[in-house]
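Below, each structure is written out as structure tokens.
Consider the two complexes below, in which chain A is the common component and chain B and chain C are the respective partners.
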Partner chain A sequence: MTDSPDKTAAPALTVQMNPMLRFVASPAGRALIALALVILLGVIFHADGAFFKIGTHRDALRQASVFGILACGMTLVIITGGIDLAVGSVLALAAVVFATFTIHWGWTAWLAVPLVVLLGASCGAISGSLTAWFRIQPFIATLAMMVFARGLAKIASGGMKVSTAVPNDDGTYSYIPVPGVFRLIDSRVGDVLESWCGAFSEYLLSRIGGWFGDGLAWVFDAVEWIYVNCGIAFVCANVSVVTVIFLFCVALAWLLLARHRWGRQLYAIGGNEEAARLSGVPVRRAKIMAYAAAGLLAGVAGICQAAQEQQGDPEAGMAYELSAIAIVVIGGTNLMGGRGGIGLTLIGTLTIGYLEKVLSINAVPEASRLMLTGVIIVLAVLTQKRRR
Partner chain B sequence: MHGARSIVRFAFTIGMFFTLAGCCESEEKTPQAAPAGGQTSAAPKEVYTIGMSQCNLGEPWRVQMNKDVELAAEKHPNLEVVFKDAQNDTLKQRAHVEEFVSAGVDLLIISPKEAQPLTEPVAKAFQAGIPVIVLDRAVLGDQFTCFIGADNTKIGRAAGEWIAEQLGGAGRVVELKGLMTSIPGQDRHSGFREGIEGTDIEVIFEADMKWLESNARKEMESALARYDDIDMVYAHNDPGAHGAYLAAKAADRHEDIMFVGIDALPHEGIAYVIQDILDATFQYPTGGAEAIDVALRIFAGEEVPKHIVLGSRLFTKDNVADGGVAIE
Partner chain C sequence: MPTESEQNVPPLVQMTGITKRFGHVTVLHEVSFDVRAGEVHVLAGENGAGKSTLIKILAGVHSDFEGAIEIEGKPVRPASPLEANALGVAVIHQELSLVPSMSVADNIFLGRSVTHGGFVSDRVQRDASRDLMARFGINVDVDQLVEDLPIATQQLIEIAKALSHEAKIIVMDEPTSALSAPEVEKLFGLIAQLKERGCGIVYISHKMEEIERIADRITVLRDGRFVGCDDASALPVRKIINWMVGRDIEQQFPRHTPGLGSERLRIEDFTVPGEGRHARPVVDGASLHVRAGEIVSLAGLQGSGASELLWGIFGARGRNDSGRVLLDGAPLAIRSPHHAISNGIALLTNDRKATGLVLSMSVIANAVMADLPRLSPLGLRSPAREMLAADRTAERLNLRAASLQMEVNELSGGNQQKVALAKWMQTEPKLLLLDEPTRGIDVGAKREVYQLMNDWTARGIAILMITSELPELLAMSDRIVVMHRGRITAHYTREEATADAIMEAAMGRQMETMSA
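Coming up: the complex of A and B.
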């Protein structure tokens, strides 16, 4: 390479520069630049050091999680070239129904969670079927579902927030404690791990005695020592359960989209629906499943929202679909379909989440906040604009 | 061909939409006795029909208002109330008023969405001889029988004074504001600032949470991250105060901070005070029960005042069981 004549000198240079350049020019690189800019903003305007506190980041991640879960589903739909405007309303419906099941009817979470998730998925499947079978434009079909689900949420809740104050027949209220599942979802990973593992080990030790029990106790102590002294406890104490749910959704959606045949089909549909159909992709089924997945994730987000608010609010999730779309687009997924990915959406979620947090800790007034958010969204998308 | 078909489908969808929306339009009760024309009710009638035009049932407070009207009316078998919900649409509410006039109700209660566009429809109803009670938000001019409403500035001032008293005249307060482009948000803010004027109360952090609990929690988390020493949270509504409490609880700082909200709905603010979540809540009365009282007086031919300003009540842990104390 070094002894090459002058004609090959230029290509050699580009070969050397390529990995770096290629990364910066790739969608992921550009999305990361946008995220880095927002974090730099936080480092500059750190609000008396609030930005450097661990709690700020824990909260930022937790607050972004509900939007992130919605955005995962939105990514699947947008990659097919569609859009799902119903996710915010389905979130509210799920929150209301979940609160009714667990607070008012006292159902166990093992029953309530699957049913609510299923409810979300069926809402998505309905709007998916409307676009796939009846060829209603996704914008219209999901707009209809958006209004319908909001109405259903209001009917299901009687127009009131479903909270721990339960109305009696005579107009008075009785008050019941917050269900355990709400507290579980709204806690931190460390608390959950410690209480579960503690209970589990105590149970085992109480059942197993003798030298084996002693050995087991020693192993548990060793595990605990590692947990406490190797920073795991610190990390776990600063990650919310909601964030873990979000990351789990990201991982699942990524697996399906990047590693499963169905994911390939979604890209094919978004690239060229007719070509996909002609090459044997089951377009209708794949599309319906994409919308169903978006609805399912909206159901999950609804459960997280209800747990964090300790109530089911039929007005919750208003305009969340717009935030979810903004996250997906800032990540770099193409609104026309066919290009994008969940990894990009994860970066987009962090970008929007941190942007909100930086504006919030600096107590920026609402009007300027809206304007700044608009400007920054445009800037972020502009960095995505030029493609190779 | 294909284009024509999708247009038909589109039109069909839109049609379905409006049909659905029409079904949802809440007419909770249909009057059993058909109203007898648009005559004014000088002679006692067997059944009086009252039309209640609510601007928006999306807010729990307005749901409570309708409930208060309903509960008060239920005690009087000679009253029949027809409810209509305008779903936050001014023109829809105007249509509702006109429908009530042509149906010839004996009295109209309206909680208008906004003053200017509804002034004329209300005036027309009034001129047609139907007594009109305006609830909560005003209309312009004097073409109505009676206005019943509460005073947000007064409530904000009372909250400010109570907070100053609780903190001994000095302390660090977080203010979580309602939508600051709305009149209640502005009044609850300016009243509060009047209430703490001249004290050493310092508002260290203020943010617009747009009446929403989830926003309040986010903003409070930022305040907690930024300030290690917060004495009190003043939120413009109870869900806001509850959201702030949840944020403080997650940071294990809820014991050091007092939380004050406004509205005192039975299932929100009062429930939170009973559950020891909020330290105080100030009632923003709906006036629903008072409206029925005034309606009965009008039917009995009595004179009623043109303006009725409702008082507020303060609920704290100590007095919530006794129904709170009135604020003068």
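Coming up: the complex of A and C.
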């Protein structure tokens, strides 16, 4: 007897559970419970009310954003059953190259950003091709890319931080002004919106006169009133631009993963690669694109990192890949592939971000913080184990 | 029914009234089997007759069975392979159980290393292994890695390893499937040696010539039941085969052959290379054709190459440039499954869990997986459209699931099979390659699958099918092509085909009458 008899799983259990219980048992439910526990921790240990200040939350989100962007790409790769260890190094490479382009060479962001993002994507595509075509294990292929990209970042920067300080011949330093794009990324949404919209409306009003111009001015005033008095201004003033970039990446990755053919192919590959191949899924192409996407997002994260630090540091992003993996795992995406999603990774990002913040406002020393994070990763994964 | 007078010495092994169930499915009913010292006892039967299960019980793999086992008169109940080993039972499996990346000597002592204070004493192991190899005339350096040796040598090492346990009962499960003719001779020489030493040998084979040559006694199982046992000299080949296939074909399946259309598929001199360096081709120069509306079945026992032929046609074993493939009269070189699907070919594999379905995905996701390019023309998927498509196919296949959103691994086997079929119906194929379409599903679901096959052929779909169930084969096929070790050995129309004739051809007996 080669074929095993049918073992009917017990669907009755899942069917009979009430909706509340079913939600709690689902990956999203468990991830949300973990997040709620972390926030509860913040409410209890609020450090003299520091946890209730809006700035704390803004900071928590801003600091988690770069990791979150990396985790989005990591999710795509992990769903195929792979792993990408190179994202931290690619981030450093992107940061260094972006800083060189914008600070030293004075390139416009319109050119620098696409090029750097493309560079990140190429790094990913290379490690993806190594796994897809040469059947090198993802762990090894991306480990190689991790080391390689770090070296390339050091060569590109000459081993030094690429910053606005430029050495003169006499040993002193002169300072180049920080490029606008750095300020833009490092600012808050409110500032950007207000200055852009202000400039835009003034430009329009200066061009258009008469009764139409009057009407337009009235509309702008109304919009401004709503903006100021309905809390939008308050929210915008407290959301960093990097957080918006992160949320944009989340939305894009979600769209691709949940609504695009390619996303479905990634799940199929992670769930059963052979069945996927026999169903006509272009396994190699889909995999390479997953790694390329992870590299692309690492490029975006590198740009954000450079803007926040106002420099390109070849040592940046050390061990960030591990944080990204931790976020994905805490969210509940299965490391074996085939199960998970971007929504879970968003929750995971918030969980890790808030955990870091709660620990830091309570002045928990770095060493204990790391140990605690380790324990929490294990606990999170244990609760997410599928019961057999 | 022993023909010789019973000796007073108890047989080496006596298995009585063995019954084994997997869940609610009984795979062995009250089977009795015995092995005497110094004999080769052949265990014969179709695929799925229960041979392997019986052997696994003897080898301690399955310990939850009913019945009794005695070894040399002492009742035993091996609870693990290790225990069975200690009782003197050695099993040489079809799949090699050597560790490829370890040396010959290390493999022979695997699990029972000779150690001094926890450290393996290599020299002792190597010397002992060298002695063992010399004893069986295997010419090999014991320091070589197993993976660097030809398959045949690996097989001999596996046997030597089993014998180094001082086994009295040696079970060989299709030991010659990877061996060339001279190597088979060597193995038979070894078996003769073992018989002289008083070992009892259980030999499972699908090859008639081998059975005829080495069997002292033959036991036949069918559908998990004992059919007969007799001395080989008293058993003509016809009778063995009759025992293997001779069931009442109680269910007459309603095959309605439609008017046949034009030739849908023709392959000429199609060869599929084996995997590995020394492998012989798994399909060797096969030629056949299937017309629209026709069901052509490939019959064959394990190792016949029928599945590989289907995979080859589907492009699942990479690009194949051997021979010629014509689809609807036009030559076609299939490069990949993707390419095959876009040409209207579908392949239902014989293992839905390993190669058919993505168990972690929903019914809908599986049902539309092969048809994604058509359902999402610009890349963006539409859940509503997929739902509609899956719903329609599910209804046509009478698929019963609480919700189409549930994961496939929560469904019963029959419904899983229907999901796998739904995936292919969704692509609206012209040519269906079905590998064991009714494996592991219950009778009701089987009938439904047959009904579907009738409907599909009535719509002009051509079906090339593999089935190892003879009643199904005889009832549902318009034509039957029999394969043995990669070669086509016989063609029959449904009227000509008999179970005995098919089984003979499948066991490698060339047929006198070859009709196209």
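The rule is short, and it goes like this: the second predicted complex is superposed on the first by the 361 of 388 C-alpha atoms of A that agree within 3 Å, B and C clash if a C-alpha of one lies under 4 Å from a C-alpha of the other, contacts with A are read in each partner's own complex, and residues count from 1 in each chain.
In this text, a contact is a pair of C-beta atoms (placed from the backbone, for glycine too) under 8 Å apart; a residue touches a chain by one contact, two chains touch by 3 or more.
A quick note: this is a predicted structure, and the numbers were derived from the prediction, not measured.
S.K.: Determine, under the contact definition given at the top, whether A:Arg183 touches first (chain B), second (chain C), both, or neither.
M.R.: The answer is neither, since A:Arg183 touches no partner chain.
S.K.: Can A:Gly159 be said to touch chain B (first), chain C (second), both, or neither?
M.R.: It touches chain B, and chain C stays clear.
S.K.: Check whether A:Pro167 is in contact with chain B, with chain C, with both or with neither, and answer first, second, both or neither.
M.R.: The answer is first: A:Pro167 touches chain B but not chain C.
S.K.: According to the stated criteria, A:Gly271 is in contact with first (chain B), second (chain C), both, or neither; which is it?
M.R.: It touches chain C, and chain B stays clear.
S.K.: In this superposition, which partner touches a larger number of chain A residues, chain B or chain C?
M.R.: Comparing touch counts on chain A for chain B and chain C gives B.
S.K.: On the A-aligned overlay, A:Gly280 touches which partner chain: chain B = first, chain C = second, or both, or neither?
M.R.: In the superposition, A:Gly280 touches chain C alone.
S.K.: Of the partners chain B and chain C, which touch A:His104 in the superposed model: first, second, both, neither?
M.R.: Touch status of A:His104: no partner.
S.K.: Once the two structures are superposed, pull the chain A residues common to the chain B and chain C interfaces.
M.R.: On chain A, the chain B and chain C contacts do not overlap at all.
S.K.: Where on chain A does chain C make contact in their complex?
M.R.: Checking each residue of chain A against chain C gives 1-9, 11, 14-15, 259-265, 267-268, 270-272, 274-282, 338-339.
S.K.: What residues of chain A sit close enough to touch chain B in their complex?
M.R.: 47-48, 50, 53, 55-56, 59, 63, 134-136, 140, 144, 147-148, 151, 154, 158-161, 163-165, 167, 171-173, 175, 186, 305, 308-311, 313, 315-316, 356-357, 360-361, 363, 365-366
S.K.: Once bound in the complex, which stretches of chain C touch chain A?
M.R.: Listed in rising order, the residues are 22-25, 27, 47-48, 50, 52-53, 314, 316, 336-338, 340-342, 347, 349, 351, 354-361, 365, 369-370, 372-373, 376, 379-381, 383, 402, 406, 409-414, 423, 439-442.
S.K.: Hey, which residues of chain B end up touching chain A in the complex?
M.R.: 6, 9-10, 13, 16-17, 20-21, 24, 57-58, 60, 63, 67, 71, 180, 205-208, 210, 212-214, 217-219, 221-226, 239, 242-243, 246, 250-251, 266-268, 270-271, 274-275
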